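One structure is given below, represented as structure tokens, and several questions about it will come after.
Going by the order they are written in, the chains are A, B, C and D; count residues from 1 in each one.
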Amino acid sequence: MNEKLAKLLEAVEYGKVDQKSPYPPNLKGMDGAHELTQQALDAGIRPQDILEEALIPAMGNVGRKFSENKIFVPQMLMSAKAMGASMAHLKPFFASGKIKSRGTFVIGTVKGDLHDIGKNLVAMMVEGAGWTIVDLGVDVDAGRFLEALSKNPGAVVGLSALLTTTMTNMGEIVAKIKESTPDTVIMVGGAPVNMDFCRKIGADFYAPEPRGAVDFLNQLAS
Amino acid sequence: MNEKLAKLLEAVEYGKVDQKSPYPPNLKGMDGAHELTQQALDAGIRPQDILEEALIPAMGNVGRKFSENKIFVPQMLMSAKAMGASMAHLKPFFASGKIKSRGTFVIGTVKGDLHDIGKNLVAMMVEGAGWTIVDLGVDVDAGRFLEALSKNPGAVVGLSALLTTTMTNMGEIVAKIKESTPDTVIMVGGAPVNMDFCRKIGADFYAPEPRGAVDFLNQLAS
Amino acid sequence: MKYTQLVISDPSQLIFGNTPYPVKTRRGLDIGGGQVYSELNFTLPVMSINDQTLPQVYDHYRQITEGALERALHLNSKGVILEFETLLEMTKTPAIGVEIVKIMNDICENYYQKHGLASEIRLTPNDLREFERPALQRTSRLLEPMFQLFEEGMLAGGDLLSIESTGGKEVSDEALMMCDIKAVLFSLAVLGVRDMQFLWKKIVALAGQHGKIAAGDSACGFANTAMVLAGKKYIPKVFAAMVRVISVVRSIVAMEQGAVGPDKDCAYEGPFLKAITGIPISMEGKTAACAHLSPVGNISSACTDLWSNESVQNIKLLSGMAPTAYMEQLEYDVRLMNTAIKKGTTHSHILQQLFVESDVYTDPQALVLDPANVIRISSALIRGDSYVANARNGALEFIEILEETLATGQMTLPEMESSYIPMLREELQGIPDSESDFIEMMLPQIDSSKFILSEYGL
Amino acid sequence: MKYTQLVISDPSQLIFGNTPYPVKTRRGLDIGGGQVYSELNFTLPVMSINDQTLPQVYDHYRQITEGALERALHLNSKGVILEFETLLEMTKTPAIGVEIVKIMNDICENYYQKHGLASEIRLTPNDLREFERPALQRTSRLLEPMFQLFEEGMLAGGDLLSIESTGGKEVSDEALMMCDIKAVLFSLAVLGVRDMQFLWKKIVALAGQHGKIAAGDSACGFANTAMVLAGKKYIPKVFAAMVRVISVVRSIVAMEQGAVGPDKDCAYEGPFLKAITGIPISMEGKTAACAHLSPVGNISSACTDLWSNESVQNIKLLSGMAPTAYMEQLEYDVRLMNTAIKKGTTHSHILQQLFVESDVYTDPQALVLDPANVIRISSALIRGDSYVANARNGALEFIEILEETLATGQMTLPEMESSYIPMLREELQGIPDSESDFIEMMLPQIDSSKFILSEYGL
């Protein structure tokens, strides 16, 4: 692999945002994702390759280490920040069509429910896998999902719920989405949700952990 | 109330089968249900009245005391035996149409399931309420219920299940019965069953305890 | 009866985690050797088992095993027994049962190799013979799948063999409802004993052949049924407690035939078996509230070697799957006992005393589990020359203890309960010593269409 | 901070069932007065709450209350607290919450009149303010339904008032995920403290007006969230344990405003509050495995006065409804503690010792709950002049204890965990004594669009 990309991969994997950032201690003073991305672009490396060969594999490693309990969330968040610093450089190329996003993922915690820690983790890991995220936040009703879908046609939807009394709102939201855009792929999750419930309300996929969501989306995209 | 009927009521309520029976100790040597029924018939009391004014109220008292935990099952079983001794005298009048049974109750534990203690208790208490019982035993499939219904048109059906893996057989049996005789009233019970499940499989009634079953049947009959 | 002397005759020696004849397992558990282990039990949620659903069935058992062992590992467990008590279809079609054992055993092995967590599977096939009435205890074709599952299942990793056998149940069911203690005694001390002799000779031989562990058989359909009925106030507790005592002479036959324990949970004969034979036992109490409510929540742990939850469905609770949650509860219970053992006899005895005193006078069924009473009753249970006499003597000793306790005022019983005491004593006293005399006495009184004497070798 | 001295400074006095300032209730419970009681918590199964389903909702609560009290009665319970922690709809529309309190209270009263079983309802409305972001802690219209439910609910029989208030949570959520201890401290010791002062002044006044009991507030959304995240290995346990310690300075504000306990379960600040203020507390551990898994299953009961299961859905288990089963489990746990109390201090201390030693060195979150450590940390928590200084001092004392323990070898931590210790210490040491200095230091570092200072009186 190109040495520049290898360095960028390392910076993202270990959460080195930019040269000034103190974290991680062992990379102190060295270039971060910010600088390394600029250098890669300057060296004429294709933006698509930067994404596919450095950022996504880096976040893939991070996700794997996280699933294996080898790192904690803050480390993962630092990597996500580093990736963000890199993505800032790549943004224009998405707009111009030079990079194709893997797809758009609209996620939210359903109406009545304010639990968002799990949802945020899922969003972060999906973003790391190269998807564009539209995070609608918490307490989101069907209308707002439909609106987001009309702005992002073809997006995959993710619903999160942590309360047994808001899980039922998931069913409603799924029904309304399937009514207006039957082809929309919908994924559900959250502690009280399970595969049976997912089937029952007519959603397409359930994963107990973000990892499963990422794997499923990657399959969709490939 | 007629004194003879009052005595019969007492004999049944306290489980005095016949003169010879040693139980209950405090009625030792006295006439039991067997003798008292004969005497009532000899005195020209209408068979229907014997049933309605002595036996059913006696068993009603027994059922109430049982639900209130004032007596144990053996006492209830002795009363059921005493009622049986009385019914032996009344049987011809059912055949001739002089007594109208409250109805027929077909009960069984569903396919794959051998638990019958609960089912037997329900059968006994329903019998005490003046219903004719057809007990199909345990491990009963849909075919046998349909057969019993064709022999006893209009009968109410009771299904019992104690295993989470045989509960699902209840659903099948209910479906088949409702298909062939949609008007059949079906009641379900057993420890793992509940109201939601009853609704889900399309049965008509669920009771956690025999008392509820009796109340429901009595309403049906009235 | 083979045993004529108690292996443990001092109540202070009858304590959790220790027994004279511990059982060592393949992956290194030392049951009864100074440590209490959890025994997790579980079952499917509401679903059918058929060709279409089999993959889901297997998934459930995979998920249960993984969830439980992962949690046990997280809690630094010293080791776990997983009881796989089959559902009917899994014994009727032994291939299903065997496949599940394999799935579970692979996971156990993986946790053992990768993390050093030791676990073993107790394999408990169904006694299918109860599907035929009258039962063909010895000649039934249904014995074949049962033993196929025993054999192939143990080879697949089901190292501990148990069953809740049902010999005599055709008589006991009605006898319980009628509170007919003589019929109960007939069903357990005559029919049950004879069926156990037949069945356990075979199980022990098979286990011996493959170097596996013939564990034990609980009188669940008798004593546990009685407890549940008493819990619903359908029959007197006094009666249910007595059924438990009588069931000892039936369940001990497994040991007479060579079973070595750990005895199976759920019927609470364990403490008596431990006192008489010295084998390790499994018990359940408060942490089996998922399976049935109990009048012996704490006292049941007083002298146990495994601590079980009897059964819980694989359904979702707020924390996660129910078997995982129960694994955690068992582990913490067991930690408490093991900490006491580690600190020495003063601590273990005080903890045992608290277990005992918290329940002992609340219910006759708790009273019989006080280690001192277990020893007294056990002595009576081996005093006579026949199973019948022993069962009767044990039951009478229980009445003695009960009356002494009532006399001290430490325990009170409502009239409804206490009025059964003299009736029961009178009936027991009418029971002769000899089995044949007893059979002769009982045959006219029981509905003989219900069972076939020759199927019991009579 | 109001408290400058410990009410309980001797670890041997910090024990279950007893506290210097017990709380007596209407139906005669004497919480902390020599007896541990069960506190049962429960919730609906999967369902919506709306006009159509309201009758079913009420039925669920009726069934739960009856099932639980019937079981408690059967087990000779000395008394029960039923926590009614509302679901959103029940606070948003207070009439629903009030109706449920009435239903429950009628059943409680009936069991009291008919059977002498004493029970009380702890009423815990939702903190609706978290629906608005940035939160309007003081000016929100949502305060109205909350206080309507408090007032009408207490009049309907919800005698014990609690809430899991959320002041500061808008900062804490992200801080937890980032393991940013300074931001956590800011959210708890600045924002949380100020919001608690505002909220609890009102609750205490209302309770006083009607002769009801202002009980307490747990930092569930902070400390319990941290524990769940640590349980999933998302954040270090060392960090989660420290969050718990810091949350004390926030939760104690309820007492400063006049709350008298029993403090609410679920955040485990209880033992510290008990040591500092002498109020009775509620804790949860192994028997809350239905609600969340726990690293403090036994040790959490070491000095509790109520013993809780946190929450369980009203779903069917094999034995019956889940709340009934959990009622039974709690009652047996509590019986064990009460038997020990009855037998005297030797027994209670040995039982406590077993609770403590069975968990203490398995997890930093358990370590902080050892009564001796609770006292040490509590002393540090009242040493300074500001909530900020106190929180920092408590957290540093925890690090001392942790390092001492690690040094003895009794406890070991993986590198992933231990590497956080110096980082945390360094960050803590940078925190100034004065609140205003600290605010000045933090404001540039936190996303200030998330909260409104004036809503915290700043």
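Throughout what follows, a residue touches a chain if its C-beta (ideal position, glycine included) is under 8 Å from a C-beta of that chain, and two chains touch if they have at least 3 such contacts.
Remember, it's a predicted structure, so these values are computed and weren't measured experimentally.
Averaged Cα coordinates give chain C a centre that lies 40 Å from the centre of chain D. Chain B and chain D, compared by their mean Cα positions, are separated by 52 Å. A separation of 63 Å divides the Cα centre of chain A from that of chain B.
Residue positions 43, 313, 318, 320 of chain C are each in touch with at least two other chains.
Across the assembly, chain A contributes residues 164, 192 that each touch 2 or more other chains. With chains as nodes and touching pairs as edges, the resulting graph is of another kind, matching none of line, ring, star or complete. Chain pairs recorded as touching, per the definition above, are A-C, A-D, B-C, B-D, C-D. Per the touch definition, chain B reaches chain D in the complex via residues 164, 191-192, 194. Against chain D, in their complex, chain A makes its touches with residues 69-74, 77, 112, 114, 116-117, 120-121, 139, 163-165, 167-169, 192, 197. Chain C meets chain B in the complex at residues 43-49, 87-89, 130-131, 173, 176-179, 225, 229, 233-236, 313, 416. The touching residues of chain C, counted against chain D in their complex, run 43, 71, 74-76, 285-287, 289-294, 297-298, 311-313, 315, 317-320, 322, 324-326, 328-329, 331-333, 335-336, 338-340, 343, 346-347, 350-351, 353-355, 357-359, 362.
Interface of chain D with chain B (complex): residues 316, 318, 320.
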